[in-house]
Every structure is written in structure tokens, then in C-alpha cells.
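Heads up: the structure comes next, in C-alpha cells.
Chain naming follows the written order as A, B, C, D, E and F, and within any one chain the residues start at number 1.
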Amino acid sequence: MIYITRRERFNAAHKLFREEWSDEKNLETFGKCSNPNWHGHNYELFVTVKGTVNPETGFVIDLKELKNIIRTQVTDALDHKNINLDVNFMKGKMASTEVLAVAIFDQLKTHVEEQGAKLHSIKLYETENNFVEYLGE
Amino acid sequence: MIYITRRERFNAAHKLFREEWSDEKNLETFGKCSNPNWHGHNYELFVTVKGTVNPETGFVIDLKELKNIIRTQVTDALDHKNINLDVNFMKGKMASTEVLAVAIFDQLKTHVEEQGAKLHSIKLYETENNFVEYLGE
Amino acid sequence: MIYITRRERFNAAHKLFREEWSDEKNLETFGKCSNPNWHGHNYELFVTVKGTVNPETGFVIDLKELKNIIRTQVTDALDHKNINLDVNFMKGKMASTEVLAVAIFDQLKTHVEEQGAKLHSIKLYETENNFVEYLGE
Amino acid sequence: MIYITRRERFNAAHKLFREEWSDEKNLETFGKCSNPNWHGHNYELFVTVKGTVNPETGFVIDLKELKNIIRTQVTDALDHKNINLDVNFMKGKMASTEVLAVAIFDQLKTHVEEQGAKLHSIKLYETENNFVEYLGE
Amino acid sequence: MIYITRRERFNAAHKLFREEWSDEKNLETFGKCSNPNWHGHNYELFVTVKGTVNPETGFVIDLKELKNIIRTQVTDALDHKNINLDVNFMKGKMASTEVLAVAIFDQLKTHVEEQGAKLHSIKLYETENNFVEYLGE
Amino acid sequence: MIYITRRERFNAAHKLFREEWSDEKNLETFGKCSNPNWHGHNYELFVTVKGTVNPETGFVIDLKELKNIIRTQVTDALDHKNINLDVNFMKGKMASTEVLAVAIFDQLKTHVEEQGAKLHSIKLYETENNFVEYLGE
């Protein structure tokens, strides 16, 4: 069993905000992340896949395929977008790093399995000081 | 003459968009940066000050003062904000990294001079792959 | 279950030195880290907390609270200090990265639990080439 | 139980190529990594060792010893070398990051155990976007 | 006048070696960089362009165009290649970082000028510890 | 004319403190950097040399020589040392980053010139947020 990780990046706007709450309650709960006019981040995404090494190729997974999957299932939908408004798989969800990491895991899981490997974890950096990791359960 | 640099960071939303143009022309000119619903970045700002070394303190400028100036004049206005909508010193300007770097230089210049030093340059990273530098002329 | 990590930094002096040993034995055992006049580092600390996501906020823990806990319980005591001489929770201990990581874990554990989450691990970088991780047991 | 990690680096040439395949099949399978004239990387290697803390020294392992082991058993053989042609412990193997990580683990395991610790994992970066981790089974 | 920089990366093999010299003299002069079987690097390239800001777009140069120029004129020729054997604009030249930086400058100069800007400098990292800068004269 | 830069690192203790001042005045002027028991940093040093490219070697300067000079003239004296107490070329000087950068320049200048090149600048990072540059005048 070996683990291989691919890094991808995307730049997006978001806010932490519950429409049914007042601006005051949003501010109290989410601080400056609740700015109604949005803010944004350069997100860094690390996708880790595990499996056995194919003796012919020396690969766990073809990284070109993994890159393709991440782009078509995840980063094309997020890059230069508004996470709250533009992203189908985030509709109706809080745009926190935690919730986004879980949603990205769910977007990728079966596509990685179709390549004969297993999705191990999603690590998502919001800033150089904050990141989230999700292992699928 | 010695140069000293302080790094500060801010997270903001923006778009590259001219209201008087059609969405198509904006898209053609600015690509995915024209997304009407905004996107965002973790900006990294490097402020370089030059001067002579004070023999008593060994300092060109007190970095606590420089940090204060950058926060009150620049990053408090930009952090967790929308550059196009929320920032007084960017009103009516294109929210490109180039234009933002010039505006930040102008915000800081006299405040640095009041400390007995000279503002040498602003370096502003939009992503790990793109940055802008402005030397004041 | 999701894992969230906060990075904090502190700059400190230390030495690896046993007072009951001769300078020669200290040098032989600890090499240049035993310099009697101290040396120092920019430490990078990664605190990882785990828990379930609060459906209202999308948070495992409020990062502002986590940041507060790390500062009041750990980094205020270490930053710009001498680890051997100035830090209560390191008194009588070797100032190695391993021992410091364990002490930081013990400083944080109950305070993180009071926020409804669990302290998962402490990762502590002494230099870009050396770091230690402790998971609490 | 505590984990300590040492980073080392080496620069090497390699190609992903099976001699018994045509250039076309190699290109189709390995893409530009199959260039017959080689390409190369700045590899970053993270060796993680686990054990209990020696109460006299505060160490899991003497990092000077760990550094020595990594250099004599691994990086002296790889640095400024061709992984396919020059490295005994890679003879007859695919020069993929996955296979190389496993081979490095096998080179180090018993030497780390002779120091009274246990080799926990090898993490090997081929580029800033791709890395592999191996835990020994 | 404002400066804008684009980072691109390429992975390549090379050696420092003069065919008309003996292996001994090559080794004495170039050290382990003279390994006849090649070694390689992850090169990081920073291309800095200067000009005035277009008031309509806020741009010095369209970064999509700059990226295109760098790829078609430079990195497509170098990435996953052997600098000594595969690269037309390096034929007959020493494959040192210095010589490569000058050659890259010459590849880019007129193409940048066709975009209405001026090529200011090339910065080329061979490793995290070594880099070269060339300003065109 | 081409510029080549070598990075070296050292870990050291220091304080910003004038013995002839009271602790109160030191604290007021230098803040937490005045802690009488010292603190410390992982310093990063970038030494930039300029010259013409030797057509035989492709080098401005032999980097092995430059590395040697930096180690024997600068980092051997600073690494794992106390800048205020242990370093001959800092005796009687303030241990600020500015003053240290100037002193390092003076240590290196003639040794670089003996290699047929010219010392262009010293860049010295005290933390990831603060650095100083000195060009020799």
C-alpha cells in the first residue's frame, strides 16, 4: 500500500453567512468572514490516493488521470468562482473549509475508484495558517 | 543606505470588469477574472523601506511602527473585503494587481517619511505565480 | 470526523545542556546545540483538532477561539523567550523539540476539549529540515 | 511515542521507460516522462522515525546519526546521479516516485532500528505538486 | 513604470561537461555536476516584464499572453527534456544556470516587445539554494 | 553581467539591548526583542555575486568556492551561536538584522573579489515576515 498526492490550486470568493440570521448575528459568529460583499482565497488542494503499485508502470494511479479527474470534477467548478453562488455541489451548504473539503471528497471518490485506486484524504488550505483534512468518514 | 522589508497578508474578493462593457467583452479581455460573481485571493504584500541605520538602535525604521502604518493605512481596509466595492482608495479604479500596488504605495508614502525613512517599493503577490512590483515612479 | 489545523509561530532561544554534565560531555552528546551561550530558532507550530462539523456554522471549532487558546496557553509564554529559563511549563525539562511538543500538547488538551473538540496532534518545526509530531500517547 | 522527521534533498535524472516496449508505447503510457534522453528533478525526502523519548537527552534518535544514515544509505547514492543507470538499489526497477520511496524505506529500515527507533514512513516529493508516502507495508 | 512577474516551472536533465576535456578534468572543474550519466532539476523561472499600466485594463501586459510566450518560446522546449541534447537554443553551449538564463532572455525579448512591454529580467532557480538573475546586458 | 545567489542558513540567539540603558528603556525601545534572557531565529542569508560568465565553465563564480567562503567567513561564526556574545565581527555592535547584514557584507567582500567576481548584495531574513538588504554603500 502506497499513498500518492496531487496538489491543485483554485482562487475563489466566499463568505460565511446564514441568510436567515441578522448581519449582527453573522458578524458575531463568523467575524470578518461574514462580510456581505464577499472576500476570497487562493485555495490549495491536496488529493491523496492509495493503492498498490502496478509492477509494469511503477504507478499507483496515472497522475495525468488523477489531474484530469480533479480538474473536471472539482477545480473547473471552483476556480475564479464564488463558492456560495456558482458551485453546484456547494448549493445550500455553508462555504466553510470543512464543508468544502467534505464536498470535494464526495465529488472525487467514485472517479478515483474507477481508476483502480482508493481516495484516502482531502487536505484543503484556506490560508498558510489554516487547513482542513478529511478522510472520508 | 539599507533596505528593510515587512511582509503582510490580506484575503480579498475582486473582479476585473468594466461596467460600461458587455459581459462578452469583459470575458474576452479579462478571461475568468471577469466572473460577475467575483473570485478572490490571499494577497501577500512586501513593503520595502530604505534609509540609514540609527547607530543607537541599529534600526532603519522601527518595524512595530512600519507594521502599524501598513495595517492602519492598507490592510485593515483590504482584509476580508471586496476590493471593487469596499475599499475607499480603490474607488473608481480597476482592481488589477498593478493598480492596487500603485494605490498601496500612495497610501504609505508620507506615513513612512514621517518615520524618517523612505518608501522604496511595493511588491504584491496575487498568486504564487504572479506578482507586481512598483517603485513609485 | 474532520481535522482542522492552525499554524502559529514563535521565536525563542534554547540550548541542549545538562547542568550535571561537563561541557565536554554536553558537547559530545548534543554537538553545537550545547553552546553555553544559547542559540535560537523560528519555531513553527501546527495544532490539529478533530471533531464533527457543526451544521449551523460549518465549523469543527471556531478558529478565533483556537488561536486564542494557542496564544494564551502556549505562544505568549514562548515567543521572544528563553525556553530553558523563561517558560514555566518547561522548567526542569530538556529543551528538545520532542519534549517541547509533548509539553505544548499537555498545555492545550483540556482547553480544546472545553470547545467541544479533541486535540489530535502537535507538529513542531525547529528548522525547515527537522520537525516532531506528537499525538498524545 | 513521538515522531521525528528529517528532510534531505537530492537532484537526479531519470526516465519512465520499459526497454522491452516501443518508444510509442512508452510515450503513450508515460507521456513526456518517457523522453529517451532523460529529464530530472530536485527530490525532497522526508524520513520519519518513531520511538519513545530518552529522558536524559530528550531525543527519540540523535538527528546527527539519522542524517548520517540517510546520507550513507540513500542520498550519496542518488544525488547528482541517474536513477535508472547509477543506483545499485534501483537496478532493474521502474524509476517512479512510488518505487523509489519503497526502495529508500528498505535501505533505511534496519539502520534506524540499530539506533533504537523505528522507521515510520518515507515521504518523497518529485515536484511541488506530486509526492508519495510509504509506511512500510 | 511597473514590473510584473510570471513564474513557470520545468523539469530537465543536464550535466556540466566539456567533451574536449578528460573525465578527470571535468570532475575537478564541475564536481558531481559532471556525472556523465546526467542529473536533473526542477527549475523555477521568473520572467519580469516592465511597462506602463493600460488605463482601460489595468494591465502592463496580458498575463495570458505572457504565459503563452513563455511556454511556446521556452518551457515547451525545456520541460522533461535534456538541456544538453534536446534544446535547440542551447546547442553548443554550457548547460549552466547562468548560460541558460541568458538564452531564455534572448528567446523572450522580442516576443515581449511585440506585446508593447519590455523584458526586464530573468530569474532562474536551479535549487532552493542557488539562483541566477540576468537583466539583458 | 549576470547575478548569482547562494542561500545559506544559520540558527542563532540574540537580543536588542543597550547595556547603558535601563531595562525599562530597552523594553520601550526594542519591545520583546529586549528580553534579557535572549531569544533566537533561523536566519536565512542570500549572498548575491555579480560578474561576467567564463565561457569555458559557464560560471560567474564556482559555487563550491562561494559556499566555502560564506561558511568560513560568516556562518561557521554565527551558526548555533549567540550573536551578541560569541561573534568576533559583531563585538560592540547592535545585533539588529540591519547591522548584521552590513557586517556580513564586510566579511565577504574581499574574499569574493579574490575569485574574480564582485559582491553585489546581502539579503538577510530574520523571520518569514522581515528581511533586510544591503548593497555595500
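The working rule: a residue touches a chain if its C-beta (ideal position, glycine included) is under 8 Å from a C-beta of that chain, and two chains touch if they have at least 3 such contacts.
Just so it is clear, the model here is predicted, and its values are computed rather than measured.
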Which other chains touch chain C while also touching chain F?
none
Any chain that touches chain F and chain D
C, E
For the copies chain B and chain E, give the interface type as same if over half of its residue numbers appear on both sides, and as different if under half do.
different
Recurring contact interface, reference C-F, options D-E, E-F or B-E [over half identical by residue number]
D-E
Compute the distance, rounded to whole Å, between the mean C-alpha positions of chain C and chain D.
29
Distance between the CA centroids of chain C and chain E (whole Å) is 42
Taking each chain's centre as its mean C-alpha position, how far apart are chain B and chain C in Å?
33
Per-residue overlap in chain C, given as positions that touch at least 2 other chains:
128
For each chain, which other chains does it touch, given as pairs?
A-B, A-C, A-D, B-E, B-F, C-D, C-F, D-E, E-F
Taking the touch rule as given, give the residues of chain E at its contact with chain B in the complex, in rising order.
1-8, 48, 53, 55-60, 63-64
Along chain C, where are the residues that touch chain D in the complex?
16, 18, 29-31, 93-99, 101-102, 128-135, 137
Residue ranges of chain B in contact with chain A within the complex:
9, 11-14, 32-33, 35, 37-42, 79-82, 85-86, 127-128
